[in-house]
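In what comes next, chain A is part of two complexes: it sits with chain B in the first one and with chain C in the second one.
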Partner chain A sequence: MIQSHPHSRKSPYPFWFFLPAAVIYGVLFLVPTVTSLWYSLTRWDLMTAQFIGLENFRQFFSEPFLVRGLFNTLVYALVTSGLKTVFGLLLAVLLSGQIFARGFLRTVVFFPVLVSSIGIGITFTVMMHPTRGIINEALGLIGIPGPGWLTNPSLALLSVALVDLWKGVGLATLIFIAGLATISPDYYEASRIDGATRRQQFWRITLPLVRPATVTVITLSLIGGLRSFDLIWAMTQGGPGFSSDVIASVVYKQYQAGFYGLSTAGNVILFLLVGIIILPLTFWFNRREVDQ
Partner chain B sequence: MTRHLKYRLASACALIALLAAGPLRAETTLSFLIDNGPDTLVAAEALVEAYAAKHPDITIEIDQRPGGGEGDNTIKTRLATGEMADIFLYNAGSLFQVLKPEQTLHDIAGLPALANIAETFKSVSSAGGKAYGVPFGTSMVGGIFYNKKIYRDLGLSVPKTWAEFMANNEKIKAAGKVALVQTYRDSWTSQILVLSDYYNLQASVPDFATQYTANKAKYATTPAALKSFERLKDVHDAGILNEDFGAASYDDGLYVLANGDAAHYPMLSLAIGALQQNHPESLADIGFFAQPSDDASVNGLTVWMPPALYIPASSQHVDDAKGFLDFVGSVEGCKVLMGVNTVQGPSLIKGCDLPADVPPAVTDMLPYFKDGRTAPALEYLSPIKGPNLQQITVEVGSGMRLPADAAAMYDDDVRKQAQQLGIPNW
Partner chain C sequence: MKQSRSLASGIVALIVATVIFILPFLFIALQAVKSKSEASRLNFALPKEWLFWENLVAVVEARNYQLLLAYFNSTVITVFSVSILVILSAMVGYVMQRRQSRWNGVAQVALLMGLMMPPAVVPTIGLLQSIGLFKTMTGMILIQVAYNISFSTLLYRSFIATIPRDLDEAARIDGAKPWQIFFRVILPLLKPVTVTNVVVQSIFVFNDFTNPLYYLPGRENITVQLTLYNFQSTYTSQYNLLFMNILLVTIPPLIVFIFFNRQIVTGMTAGAVKG
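On to the complex of A and B.
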C-alpha cells in the first residue's frame, strides 16, 4: 500500500536536503545539455552566435566523410561489443574453473583496463608499423607478409577495434565472472547426474543464467563503442584520410577547426544515436527478463 | 578582555608591517604564452632574459600550450573568456583573422618597431588597417629539401621543371635510395606539395587568391590549381616513395634525409630548426630548391610568415607588454633570436641581416628572394583554409582518391570556413 502511494507518505528529510544534489546536477548536467541544444542551432565562434536554424545538421549530414563516420561508428561498436561479449564470456568460464594460477591470470586479463588508452594507442601504433613493427616482424619470421595494419584504409578501423578488444575484454570478463559466481553449483551437479555433457551445461545452464551479466556487458560495451574516441585518435586520428573516422572523431575535428556550432550539432546527433540504439535495446532486454 | 584586545592589535600591526615590507618599487609581472615546440621555448627564454637585463622591474613568466588544432582551441577559448596571457604567440595570416582581432586584441599602432618591420609581414598581422603583431622569427619557405651528397654521388643537378625533378627521382630510385620521402603519419606534412605549389599557381592565375576568396575560382575547375593535387598522385604512382610513407612520421622523414637514405623531402623551412636540433652534423649536406613547375621560366618560392606576438584586449598591463613587443620587433631583439634560433629564411626586420654562417639550405633560398621570385602562401592572401586539407592530401598521396575528386572535396571543405568567417558571397 505504501509503495502504491509514494506521495502520501511524508519524506523524513526536509526538502532542502535535496538542494545540493539538485544544484550540482542542474549546473553540471541540465544547463550544459540545454545550452548545447541551443548552440547546435547557431554558427558559433565562442564570442558570437548567429542563429542559423537546422543548417548545422544539414551541413553535418551532407559531409561525405560523415556518412562514412556514421557507418564506421556502427561497425566499430558492433565489432567491439560482439567480440568483448564472446571473449569475455569464454575467458570468464575459463577463469572460473579450477585452473593453475587463477588469481594471477585474472589479474593479467584485467590489467589492460587500468592502462591509459592513449598509452596503449601509442604502443600499438609502434607495434603495428608496417615494416619496423614487432607484429609484422614476427609474422615475417614465419613467412607471412604482414599487412599495413593502420595504413591500409580497409584495415585501419578493424585494427583499432582489435586493440580495443584487448584493452576492454578484462572488464567484460570481470562482469561475467561475477555473473557466473551467482549460478548455484546445484544446477551443474544435478545436470551431471542426469548425464549432461560440459557443452550441454554451457548452453543450457551457464548461458541462460548468466543473462543479466550478458545484458550489462552488451549495453556497456555498445555505448562505449558508439562514443569511442581516445583509442582511435591516438592510433589513426581517423586516417588514413577519413577511413577510420567515427562520429566522435569527426566532431572533434570540427571543434579543432573552430566550427563550434557544427561540432555541437555533431554531439547532439551522437547523443540521439546512442539513445536510439540503447533505449530500445535496454527495454527489450528488460522485458525478456520479466518474461522469464 | 584587555589581553584579547592586545592580541588583536598585535596581529593587526604585524599584518600592516608585512604589507608594508612588500615590493618597494612597483614591479610588474607579465604572462607570456607560447607553443610547446622546444625551439620556441629556447627563443622565448633568450628574449625574456635579454629584456630582463634591460628592464629589471619587469618579470616575464613563460607558459606553454599545445600546438596544432588543440593549441588553436586554447587560444580561442582563452581569448573568448578574457583569460589570455598578457602576451601570446600565434600564427599570422588566415588563423590570425579567425581570432576576430578587432574585438579580442589590442592594436599596437604607433609602436616604434613597426617602422622597421617589412610590409609583407604587417599586411598579414593587421586587421581593419591596424597592426596587431610583431614577427617572432624569420620568414619561412616551402619547397624541396634535398641531400646534396646523393646529388653529388649521382651527378645530378637541381631540377628546374617537374619533368626534370621526376627524372632525378627515377635515377635516385635506380641507385637504390629512397627518392622522395613522404610522412603521412603526421598528416599535416602531406599538404606541403600542394601548398608549396602556390608560387606556380599564382604565376599562371595571378588573381586566384581574390577570386577564390570571392567564391569564384575553385581548385577543381582551375587547371593550374588542380595540378597541385596531381603532383601528389604523380609521386605516389611513380613508386619513388619510401615504403612506409603511410606510417612514417615527420621525425622519420628528417632522419632518412639527414642520414642519406633519402634524397628529397618536401617540407617547410622550419625543418632547418629540427635538423639543427636532432642532426646538426647533417646540415652541411642538406640543400633546398623551389618546387618546380612544368615551365623552367616559372621557378620560385612560396613564402610563409613567422608567427607573431600579440597583446589581448583583456591585458591589464598593455603598456608594459607593448614595451616587450617593441623589443622583439627591434633589430636588437631580432639578433637575440638569431643567436639562439636557426634562421629559416630572410629576416622581416630591416637592418637585421642574416649571420654569415647560415646553413646551405638557407643560402640556397636567398637567390629566389634576391630576384623577387617569391609569392606568399595562399593562407596569407585569403582568410579561407579548409580544415580537412591534410586528410584529403593523405588520400591523394596514398592513391586512395583521384586529384579531381579531391580538389572538388576540398572546395566543399573551405565553404564551412568561409561561412564561419562570414565572408560575403558564400
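On to the complex of A and C.
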C-alpha cells in the first residue's frame, strides 16, 4: 500500500523528541549557568543587581578564608581522587582473584556508595570524637594517643577526605573490576610461561591494560571531589574556623549571609576550576589513547 | 597450595573488610536500639534492654510526625522526577543514537556539561522565584530532572545502540508514526536499562541533600536527608534517636540493593565507563 501521508517523507526520528528535555535542562540548568557570569559581577539581592565589575572576585582572592577554601578544594579533590584510584585498583585486583567470599566482599565494599552522605557523615563524626569516639578508644587500647580528627584544624579536611574514601571507594572498585574483566587471561598465561613474577604482571600487563578504567576513575572522582559539599557540611561545616571550607561550602555560607553576588562569584570560580582541570585532562587522556 | 593460599587471603580480606566496612553500620544499629544513657557512651557494648520499638516510635513522633511528612515528600519527589527522567531521556537517547545531525553535537556538549559542571545555585534560586517554583515540590522535581538527565540519557543512548534499526523500519512500513514507534516498539524493549536507570536515579534523588537544602526550604517541604541534618543539632544528647533516624534512612537503599544488586552494578559501571 502506498502511503500518501504528507509526513511520510519526514525522518522517523523527529527532533521534537529533544524538546521537552531541552526546555527543562535549558531553563533550569543552562540559563542560570549563563546568567551567573553576569550576576557574579554585581552586588545582588535577588531583586536588583548593581554592576560592580570584578569587585566580588577581588574580594574572593583577598579574604584569607576564601582563598583557603579554594586551596582546600584542590587538596580535597587531589587527595580523594588519588586515594580512590590506588585503593580502588588494589581492591579490584583482590576481588577479581579466586578468593573466598568474593561476592559478599564486593557487596560490602560497594554498599556505602548507596547510603546517604549525611547519615555517614554524622556516624563518622561521632566515631571520630576526640575523647569519646570509638576510633580513638580503639587506638588508646593499643597505646596510640588518637588525634582530634575533626577538631584539629590541620587534620579536619583530611579526616573528611578519609571518610569520603570509605564511602566512595566502592564505585572505583566496581569500575576497575569491570576494566579488569576485559583483560584476556592469555596475557597472564603467556607471561607466566616466560617467567614473569606477579609484581611484573601487575606493572606490565594489568596497569597498562586497565587504563580506560583508571581514566574514568580519576576523572569522575576529581569532578566529585571539586564539587563536594554534603559530607563536609555534615561533618565540620567548614570548621574548625575556616580550616575545612571548600568552594561549595563558601558558596552556601555566602548565600546564607545574603551576599548573593559573592556567592555566585564563588560558583563561577568553581566552574572555571572544574573546566581548567577536567577539560585538558580529558583531552590529554584521549590523545594518549589514540597514540597507542 | 594455590587453593589454600586463596582461602587464606580471602579470609584475611574478609576480616579487614568486615572491620572497616561493616562495623560503622553495626555501630549505627547498636546505638539505635539502646537507651539514651547507654547510647551516650558511644561504644559497641550490647544494650541491656533492646528498645528498638520505643526508639522507633519516639523518632517517628518527634516534631509532630515530621519524619512521616519527610518520607512522603521524598517519595513524591523521587517518583515523579524519576518517571519524567525515564521518558524524556529515553526520547533524547533514541534520536541521538539513530539520527546523525548537527544537533547531536549540541546535545553532546550539553550532556558533558551536565555531567561535569556544578549548577549555579543562587541564579537558579532567582530564576525559580521569578517563575513561582521556588520552595515548591514541582520546582524540586524539575530541578532533579534537569540535573540528572545527562547521566540518564547516556545510559539509554548506549543501550539503544544494541537494538536493531530493522525494528523501527518494520514499524514504519506498517504505518506507525514516530511517537508510536518509540512508545510502542522501542520503549518496551528498553526495559532492562529502564530498571537499572530507575533504581540508580531513585537512590541519587532520595539521597540528595544539597538541592533540597537550597531549593526547598521550609518546614512543610522537609525531605528525609534534611530531617537527618536537622535532628543532628536537636539530638546531641539523644544519640539513640539520632542513630535510629540514620538507620531508617539507610534501610531503603539496603532493601533496593538486595533486590537490584545486578542492575545497580551494571548501571553504575556502564554510565561511568562511557562517561
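Here, the second predicted complex is superposed on the first by the 273 of 292 C-alpha atoms of A that agree within 3 Å, B and C clash if a C-alpha of one lies under 4 Å from a C-alpha of the other, contacts with A are read in each partner's own complex, and residues count from 1 in each chain.
By our rule, a residue touches a chain if its C-beta (ideal position, glycine included) is under 8 Å from a C-beta of that chain, and two chains touch if they have at least 3 such contacts.
Treat the numbers as computed from the prediction; the structure is a model and nothing was measured.
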{"item": "Partner chain in contact with A:100 - chain B first, chain C second, else both or neither", "value": "second"}
{"item": "Touched partner set for A:237, first chain B, second chain C, both or neither", "value": "first"}
{"item": "First, second, both or neither for A:148, with chain B first and chain C second", "value": "first"}
{"item": "First (chain B), second (chain C), both or neither touched by A:43", "value": "first"}
{"item": "First, second, both or neither for A:255, with chain B first and chain C second", "value": "both"}
{"item": "Which superposed partner A:129 touches (first chain B, second chain C, both, neither)", "value": "both"}
{"item": "Touching partner for A:29 - first (chain B), second (chain C), both, neither", "value": "second"}
{"item": "Superposition-derived comparison: chain B or chain C, residues of chain A touched", "value": "C"}
{"item": "First, second, both or neither for A:207, with chain B first and chain C second", "value": "neither"}
{"item": "Partner chain(s) touched by A:114 [first = chain B, second = chain C, both, neither]", "value": "second"}
{"item": "Those residues of chain A which chain B touches in one complex and chain C touches in the other", "value": "46, 129, 132, 255"}
{"item": "Chain A to chain C touching residues, read off their complex", "value": "3, 7, 10-15, 17-18, 20-22, 24-25, 27-33, 35-36, 39, 44, 46, 94-95, 97-102, 104-105, 107-120, 122-124, 126-127, 129, 132-134, 137, 166, 171, 174-175, 177-179, 212-213, 216, 220, 223, 226-227, 229-230, 233-234, 248, 251-252, 255, 260, 263-264, 267-268, 270-271, 274-275, 278"}
{"item": "Footprint of chain A on chain C - complex, ascending", "value": "6-7, 9-11, 13-14, 17-18, 20-22, 24, 27-28, 41-44, 88-89, 91-92, 94-95, 98-99, 101, 103, 107, 110, 113-129, 142-143, 145-147, 149, 153, 168, 172, 175, 177-178, 181-182, 203, 207, 209-210, 213-214, 224-225, 228-229, 232, 239, 242-243, 246, 249-250, 253-254, 256-257, 261, 264-265, 268-269, 272-273, 275"}
{"item": "Partner chain B, residues of chain A touching it in the complex", "value": "43, 45-47, 59, 63-65, 129-132, 148, 150-153, 237-243, 253-259, 262"}
{"item": "For the chain B and chain A complex, residues of the former touching the latter", "value": "68-70, 72-73, 76-77, 79-80, 98, 100, 103-104, 184, 187, 243-244, 246-247, 387-388, 391-392, 394-395, 398, 400-401, 409, 412, 416-417, 419-420"}
